[in-house]
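There are two complexes below, and they share chain A, which is joined by chain B in the first and by chain C in the second.
This part shows the complex of A and B:
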């Protein structure tokens, strides 16, 4: 056991491992915060759609030759989030169809662009990295790390400040609107935060697995906890735990980071499912 | 001056009017029941009153002393709420948010108000319970407490007894009646004739529109027609 800890300690001497942990934990924290809202508002699919948009934007950034692709992917994803939110509220246009169209379109165009204008000799590996985030978390530059830290902290602060309003528009949008809460504004805020989180989380788990990072902790917490506050707090803890242990496992065992974190999330989900089942049985008995 | 004045209002969606040129007034302390069959425009009228949708023409004039956000609202339950993890306390106090602007947290006064409304509706023991685990009648009382946090002037209720058993239905009507006696103006949609018991005014939407005192409504054609169709007893 001591050897194991020594090995871990030796990994932590590397700067890139330290970065990966700081950024990974912050991203996991942020992504879990809005999970409850997105699941309950039936917006889970928007997260998925946005991540594909972000992939398309990243491809464009890579082709153009930008070193920091967040400059393009961030505004494009935020724009898409606002657009999707609008369309899903407008009952005349089918929201899910709009999401599907935008996301699949962006995915296809992104891959096409990367093939037409390859920036490296191994396009498949590049695509794989963007989709599953295998190494990007370990190759973050100092600028990217600080950008991640800054945006994560901003996200957490905004979430805390607007927590009560976010609860109100999630639980009952019509009531909130009727009594004077600026529901449209807060929906917009939710969409923008989601977009920011998705672009950040692409570094950690890649664009295909972001939904898992957003949804699993919330779903796990909802099996066991009963109030909005306890679900939010526990899903943040679950998410940070899964990210930290997933990162550790992937470094020790050499597995890809994103899928390892998601695997831990899945294990936690089933554990909570079981606990929730036992609690409800115990109550009935 | 009436509390709320509907002046030549036409309501509907996408320029398809459901009700046209409707005019009526609601006075302070009224208990108005809105009756009508499905599709007669009851919910649309309510949503227009709450400002959730715009009237196609005409306008709603509020007394100077009330704002649109002074209307407390008891909506119909949504699908989302059925598996929503929220405590009774969290839901009731969220009724205070409409007036808080951009202030992020609840004040002492708001907490006291939520506490008082929880007590008023007999929910003290359920305060920390999960909303989705409550019975239908308890859930309605929670939503009523939330509505009271948002306003103590006007209460708008959208079919509040849907899905409740007869005993709980009568309890809920009695609660609403006692709120009315405290001076809160009640506007309630129903397709249940029991809802008439405590009302002093009736608006009947349908082919023939009736608005007036309950006594007159009970003698009217609209009422007879509604009864003949077996308006749910």
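This part shows the complex of A and C:
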């Protein structure tokens, strides 16, 4: 056991491992805060749609030769998030269908563009690392780390400052409007933060696995806790725990980072499902 | 008050996001393209300070970065870090093990010898280039003092950077091939 901890301590001497943990934990925290809202607004799959949109935008950025692909991917993803979150039930294409259409459409167009106009000799590796985030989190630059810290702090501050408004808009948008809450403005805020977090989270788990980072902690917390506040807090704790232990496992065992974190999220979900079941049985008895 | 705070934070987020240093799609998923060597023999300008054994090969008494003891995730991450922040590793003694995968040169009679390291999903790969001490440039099939194509080899060498065509590249110089 002592050897195991010694090995972990030796890995933490590497700068890129320290960066990975800082960024991984921050992204997990932010995505879980948003996750509760998105799950309750029935937008669990929006992470997938937006990350695929970001993938398509990155492909366009690569084709036109932009080294900083976030110049395109960030505004495109924010635009898509605003469109999706603001689309009402009366729109001609319903919310889930719009997300699905966006998701597969952007993914297909992105891959098609990358194959038609390859900017490198190794397209499959480019696609693989973007989709599955195999080790992206372990290869971050100092600028990216500071960027992530800044965005994460901003996200947490916004969430804490506007907690009551976000709560109101999440549960009943029409009621919130009737009581004078500027629902459109807060929906816009949620959309922008969602898009920013998703583009950042692509570093951690890749674009195919982002939904897991958003929905699993929220769903796990909902198995046991019932109030918005308790679900949000426990979701944040679960998400940070899963990201940290997943990262640790992947470094120690040499497994891909993204899938390992999602695997831990799945295990935690079933553990909470069991706890929730036991609690409900105990209450009935 | 809150509205003011909201309006002041949103542009901050967008500005921060826009100044990001690119995503990983372009920046690191295809580092193989940037790994090319210069020079025609493995002897560096520092060779006079190298201690040689009785066979005339460099002797490395300690290894600064031993990639052979790390798993695939750590090896790939470590080599990526070497590519991204090469100045941190200058003059460090590095030991690496993996299949020999030379890269093509503009000279048809030459190539850039490298050891391939892959991530855990085997979808991403970095080539860590090296120049064996006193051995002329390899061919694409290997041999002539270098390992054969795809042959597993353990290499120890000193980490250095060099400029070629206005780009900074990395390689291990004064390298030796450890044959078990």
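By definition in this document, the second predicted complex is superposed on the first by the 274 of 285 C-alpha atoms of A that agree within 3 Å, B and C clash if a C-alpha of one lies under 4 Å from a C-alpha of the other, contacts with A are read in each partner's own complex, and residues count from 1 in each chain.
One rule holds for everything that comes next: a residue touches a chain if its C-beta (ideal position, glycine included) is under 8 Å from a C-beta of that chain, and two chains touch if they have at least 3 such contacts.
These figures come from a predicted structure and were not determined experimentally.
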Q. So, A:172: does it touch chain B (first), chain C (second), both, or neither?
A. first
Q) Of the two partner chains, chain B (first) and chain C (second), which one does A:161 touch, if any: first, second, both, or neither? A) both
(Q) Under the stated touch criterion, which partner chain does A:34 make contact with: chain B (first), chain C (second), both, or neither? (A) neither
Q. Of the partners chain B and chain C, which touch A:253 in the superposed model: first, second, both, neither?
A. second
Q | chain B versus chain C, judged by how many residues of chain A each one touches | A | C
Q: Classify the contacts of A:214 with the two partner chains as first (chain B alone), second (chain C alone), both, or neither.
A: neither
Q: Identify the partner contact of A:191: answer first if only chain B is touched, second if only chain C is, both if each is, neither if none is.
A: neither
Q. Should A:80 be classified as contacting the first partner (chain B), the second (chain C), both, or neither?
A. neither
Q: Name the residues of chain A shared by its contacts with chain B and its contacts with chain C.
A: 161-162, 165
**Q.** Touch list for chain A against partner chain C, complex
**A.** 11, 14-17, 58-59, 61-62, 66-71, 73-74, 78, 119-122, 124-126, 128-130, 132, 134-136, 138-139, 141, 143-144, 147, 150-151, 154-155, 157-158, 161-162, 165, 182, 185, 189, 192-193, 196, 199-200, 202-203, 250-257
Q) Contact residues on chain A for chain B in the complex? A) 36, 40-42, 160-165, 167-168, 170-172, 174-181, 221-222, 225-231
Q) So in the complex, which bits of chain B are touching chain A? A) 47, 50-52, 68-69, 71-73, 75, 78, 80-81, 83-87, 89-91, 94-95, 97-100, 104-106, 128-130, 133, 146-147, 150-151
(Q) Touching residues of chain C toward chain A in the complex: what are they? (A) 2-3, 5-6, 9-10, 12-14, 16-30, 32-33, 71-74, 76-78, 80-81, 84, 88, 119-121, 123-125
